[in-house]
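In what follows, subunit A forms one complex with subunit B and a second complex with subunit C.
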Partner chain A sequence: MTDIEIDINGNIVTAKAGEMLIVVTDRENISVPRFCYHKKLSVVSSCRICLVDVEGAIKPQPACSTPVVQGMKVQTQNVKTKNSQKSVMEFLLINHPLDCPICDQGGECELQDLAVEYGSDVSSFSEGKRIVTDSDIGVLIQTDMTRCIHCTRCVRFGVEIAGIMEMGGTGRGENLKIEPFLEQGIQSELSGNMIDICPVGALTSKPFKYELRSWQMNSISSIARHDLVGSNLFVQSYKGKVKRVVSADNDLVNEIWISDRDRFSYESLTHENRLLKPQIKVQGRWNQVSWEVALDYAIKGLNSHILKHQKADQLGGLVSNTATMEEFYLFKKILTEIGCDNIDYRLNVKNLDNTILLDSNIKLDALEKIDYALIIGTNIRLEQPMINHRLRKATKKGADIDVLNVMVFDFNYSLHTENIIAPNKIAFILAGVLKSIMINDGQELPDYLIAIDVDEIAKNIAYKMLNSDSSVIILGEHIINNVDASTIANLVAKIAKSANSRTLNLSITGNTIAANLVGCVPQNSGMNVNTMLASDMRGFILLDIYPQYNFHHLGAAIKAFEKDDTFVISLNSFKDDIVVGYSDVILPIASIYETSGTHLNINNDMQSYTAAVKAPNEVKPAWKVLKVMADLLELPGFNYEDSTQVLAEISYQSHVIHNHDIKDNLTSYHNGISVIWQNSPYSIDAVLRHSETLQETKIGQMNNAYMNQTSAKTLKVSVGDKYLGVLVIITDTVADDCVFINANQTTNIYGQV
Partner chain B sequence: MIKKINKLIKSFTLNELRIGLKITVKELVNKKITVQFPEERTPISSRFRGLHALRRYPNGEERCIACKLCEAVCPANAITIESEMRDDGTRRTTQYDIDLFKCIFCGFCEESCPVDAIVETQIFDYVFESRKGSIMTKERLLEVGSQNEKVINQTKLEDAKYK
Partner chain C sequence: MISIRAKNQIDVWIAKYPKDRQSSAVMQALKIVQAENENILSASTIQEVADYLDMPGIAVQEVATFYENYNYKKVGKYVIRFCHNISCMLNGADDLIKHLENKLGVKTGEVTLDGLISVKKVECLGACVGAPMFQINEKYFENLTIDKIDKIVDNLK
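Take a look at the complex of A and B:
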């Protein structure tokens, strides 16, 4: 597009030919009012409030749908513009109720602001206003459709961003109503964004309803910590309590959207199950004590159980992937300083010799520019909503997406092919793809590929990979405990290398990348998590761990912690019976938004944030607790005053990624039924599990074991039975020899499989 | 010399006493303006800004809808409001406190109220028996309102045509 010059209010500005006028005025910070226009949505120019005076045109033109041309002269402030905007305002206010005092949008409402600027004090409309009946669209969004001005932003959001047309306009003229088509409520995992984009108070946040006015809250920018994206957001607090979370703009990370779990997880901070005081167990009885006593008890326990006997190698340090980068670092530093090499964060991996070691080498914004993607083993829409959104944008530009999954999941875009493959066969398909690509390139085949059959699926995928300019292979969480996990990861890496493709490893989540970067893994010859659980340990330090949800070997973990002579120090944010059962000291630590720290996302952006609110009661940020513990242990080098000093010390020390050899026995399938145990998307960490409203949503209620007829027969279960404590659903959409379990927070026998 | 004689005459005829007594005698027969407070009271302007009250509708429903405009407009930060959704789905206050030690009786709260819920009455003679007493809670404000609803209604009507 060529650069042209146009005249806005007498100033010459440069623009690209064909751009819409409102894009130019926005760039030049010239205010033009808008309701229906949104920079991330399509243009419909239905509200007409952006009318501006364009020289030569008899009538004022809508800035959102008027392309700029060379020499255009525009007035955004003259009488003609103001008069037309004022008239539009009067029409919009005909049916808009004057209930600003009870409207939650009051104070941050685009219509209210413009009404103050343009609205006349007296309306010439004296007839009755129309009233629209509300529909209940779920527990997250409150509707008040009488306030709706039919900008259709929510409808376009559904169609263009969320990918499901849930809201729509029915009727016309005076009778036009925006309402959901189906009476099942909004199902989207991004639905909360409708609250942000609604220019009036028709869609507002239900958990926040009637609590506060927008001007009462402190707004602090922060980072979402439930996935690998690290969406930018604003945390709004009042009197030291987080009251609302809204999205912030960052085109490289989350654009302007955030997922529902990032938006509504704040509710858990005021949950009644918060741990508020340090506790110690003396002679089998729990006492609430002060920090001094609790820390003193913890240090004495460490000394008498471990350090006095020079048995630092019988101490284990386990950390969940929800901690901040600084916490990972301090945790590791303390343990290495006292001579303990047993550190691990990979709690949910069944067999650590068979892990996924795969680098991600694609940025989030590059994801929407790909022309082909192969998705392996993930229900990506629910598990990684923001990444799925980028892929959706790519498909809209024509990208083809192939899927290798163990069952049919909902995608909000059409797929090129959706292949339902038994878990034990995925590696063979990928081997076929690799073989096909290598043959095509005329490369010499390695031994393990020679006997591989290349079937239709593999051929198709290989064809697409070879004919794509920019492709990506996405490896998801369902592969973590696959019998061929490491083989699959290696094959993916090899395919990516031979087909000049890129990889995205979604098998990890939370702040795992940071844990990996600071090296929260066994040091030197230290034990990994599973070895620790199997050996006779004298003590554990556990950071934010709830074994029933975190561990694959849940039973072994609880048994290892429960041993009489094992001294367990737990740092947790929430009360938990199982934690109480095995711990000797429980130290209450700050949860999200209450601590400063750093999140490392898939782009490798180090996103630091400050605490938005102070932790309640006697709760302290974990990095401070760890620092004081180090001081009490008289370890050198812990003179930190704030978490930024910790961050400054962290240098890149990722553990060496050693490639496992691809097994030669790729000719025979592993027999038996594989169980893929997946915490449901709103149960992946303690914060989400305690967010009551999220748990009430459809996604939060997901708690089923899916299997097909044959597997059900083999396992001798039928519909209505429970398998591993989860309700069985028999459906043909699941691959053979596979049970796929989505378990929510009510089921906690994680990994007893 | 003459001055001295005049002064002597005035002194002996008790002239100044007579001037003083003249006023006394005049006021003795005139209509009295002294008010025997608290038995008697002076008339008060309908715009007088005294003790605050929260009003109710004739059907007994409280007027306040927790819009917090009074809280926002209060120049002395004397008003504290907490709100929630009441069981019937309406927006209501759970706490409505006015600290009368902070209040400067400017009347902005009354002016900003979209539903005429918070008003300043003509009551100015009140006492606090404790330090906490200076904080008018929602219950006390509603109590003031219901006790004086007639007068409040009357004064607001009188002033309405000038608004």
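Take a look at the complex of A and C:
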């Protein structure tokens, strides 16, 4: 597009030919009102409030759909413009109830703001206003459709962003109504964004209903913690309580959207199950005590059980991947200082000799520009909604996406091919892809590929990989405990290298990248988590751990912690019977938004945030608790006054180059049925599990074990039975030799997966 | 359930549009399905049409509620769609509608007791040149007067 010059209010500004006028005025900070126009949505120019005077045009023109041309002269403030905007406003207010005093949008309402500026005190319309009956669209969004001005932003959001058309305009003329079909409610994992984009009070936050006015709240910018994106958001609080979370702009990270779980998870902060006071177990009885007593008890316990006997090698430090980068660092530092090398965060990995080591080397905004993606082992729409959104944008520009999954999942874009592959065969398909690419390139085949069959699926994927300019291979969570996990990761790395493709490792969750960066893994010859659980340990320090959800070997974990002579210090945010069962000291720690810290996203963007609210009652941020513990242990080098000093001390380890040698010879499939246990998308961490409204949604209720007829026969279960404590659904959408579980509950505690 | 016969009819319309544009046939599909279901569309038939054309249910609902030729409650054998849009209104449609209502003893939106005739007020039917006008099922009647209406309605049996 060529640069042109146009005249706005007598000032010459530069623009690109063909841009819409409103884009230019926005860039130049010239205010033009709008309701239906939204920079991330298509232009419909239906509300007409953005009418401006364009010289030469008899009628005022809508700025949102008027392309600029060289020499155009525009007046955004003159009488003609103001009069037309005033008239439009009068029309828009004909049926608007003007019930601002009882409307949740009051104070942050685009219509209210503009009505103050353009609205008239008197309306020419003296007839009765229309009233629209509301439909219940779910637990997250409150509707009051009488206030709707039919801008259709929510409708376009559904079609263009969420990828499922859920709202629509039914009826016609005066009977036009924005509503969902059949009151089936809104199911999208991004639905909360409709609240943000609704310019009036028609769609507001249901959990926040009638709580507060926007000006009463403190707004602190922060980072979302439930996925690998780290969406930017504002945490709004009142009198020390988080009342609402709204999205913040960051085009490189989350654009302007956030997922529902990032938006509504704040509710858990005031959950009745919050741990509020330190407690210690003395002779089998729990006592609530002061911090001094609890920490003293913890340190004495550590000394008497471990340190006095020089047995630091029988102490284990386990941390959940939800901690902040500073907490990971202090956790590791304190343990290594007392001579303990047994540190780990990889709690959900079945076999630590078979892990996924794969870099992510594509930027989030570059994902929109790919022309081919291969997705392996993830229900990406629900597991990484913001990343899925970028891929959806790529498909809209023509990208093809192939999927290798263990069952059919719901995608909100059309796929090139969706291949349902048994878990034990995924590595073989990928080997076929690699072989096909290498043969095409005339490379000599390594031994492990010689006997591999290249089937149609592999051939097609190889063809797409070779014929695309920018492709990406995405490896998901369902592969973590695959029998061939490390081989799969290595094959992905090799395919990407041969085909000049990028990789995205979504097999990790939470703040894992930070844990990795500070090296929260066994030091020197220390034990990894699974070895710790199998060894005779004298003590554990557990940070934010709920074993029934965190561990793959949960039975072994609980048994190891429960042992009589094992001294367990637990740092948790929520009460939990199992934690109470095995701990000797429970220290209440701050949850999200209550502590400062750093989150590292999939692009290694280091995003730090401050505490938005003070932790309730006697709860303390974990980094402070760790610091005080270190002081009490008389360890040197813990003189931190705030968490930024901790961050400053973290030396970035030189980037480890993974060696993607393939050791397996891939001769035969591993036999047997693989069970893939996935905590459902709204149950992946303690904060989400305590977010009551999210739990009521359809996604929150996901709790099923899916398998096909043959697997059901082998496992001797039928419809209505429970498998590992989860209701069985038999469907041929699942691959052979596979049980896929999406659970919002813990498994039957000692059941082994 | 959409019958096989109806599906065949819909397929004829789908074939008229480019591949992957089967949603263009939505209006005809709704008409065909409505004809099979006592001239009434229900939420479930709308959903079936949506599934058949691979469209979101709400998108079909939008079309079905926009146009006046789809019905949601019982209608008579003859549906009189009386235009009350601007040209017809200026030419006295409102009085004629009142006359028709009195004659039949029903309000607009209702069906006569014998189930023969129902009356609907509709938006412009594109026959302003002959305003005021109405449509009985598929047929247009233009330049209406009270006498003309009486004659037309008396002939409906």
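Please note the rule applied: the second predicted complex is superposed on the first by the 734 of 753 C-alpha atoms of A that agree within 3 Å, B and C clash if a C-alpha of one lies under 4 Å from a C-alpha of the other, contacts with A are read in each partner's own complex, and residues count from 1 in each chain.
Just so it is clear, a residue touches a chain if its C-beta (ideal position, glycine included) is under 8 Å from a C-beta of that chain, and two chains touch if they have at least 3 such contacts.
Just so it is clear, the model here is predicted, and its values are computed rather than measured.
Colleague: Which partner does A:E211 contact after superposing on A: first (subunit B), second (subunit C), both, neither?
Modeller: First partner only, subunit B.
Colleague: Looking at the overlay, what does A:G637 touch: subunit B (first), subunit C (second), both, or neither?
Modeller: Neither partner.
Colleague: Using the touch definition from the top, say if A:G173 reaches subunit B (first), subunit C (second), both or neither.
Modeller: So A:G173 only meets subunit C here.
Colleague: For A:G398, is the partner it touches subunit B (first), subunit C (second), both, or none of the two (neither)?
Modeller: In the superposition, A:G398 contacts neither subunit B nor subunit C.
Colleague: Of all the subunit A residues, which ones make contact with subunit B and with subunit C?
Modeller: none
Colleague: Under the definition above, what is the set of subunit A residues touching subunit B in their complex?
Modeller: For this pair, the touching residues of subunit A are 100-102, 106, 209-213, 215-216.
Colleague: For subunit A, which residues count as touching subunit C in their complex?
Modeller: 164-173, 180-182
Colleague: In the complex, go through subunit C and note every residue touching subunit A.
Modeller: 43, 46-47, 56-59, 61-62, 65-66, 123
Colleague: Along subunit B, where are the residues that touch subunit A in the complex?
Modeller: Listed in rising order, the residues are 65-69, 72, 83-85, 90-91, 114-115.
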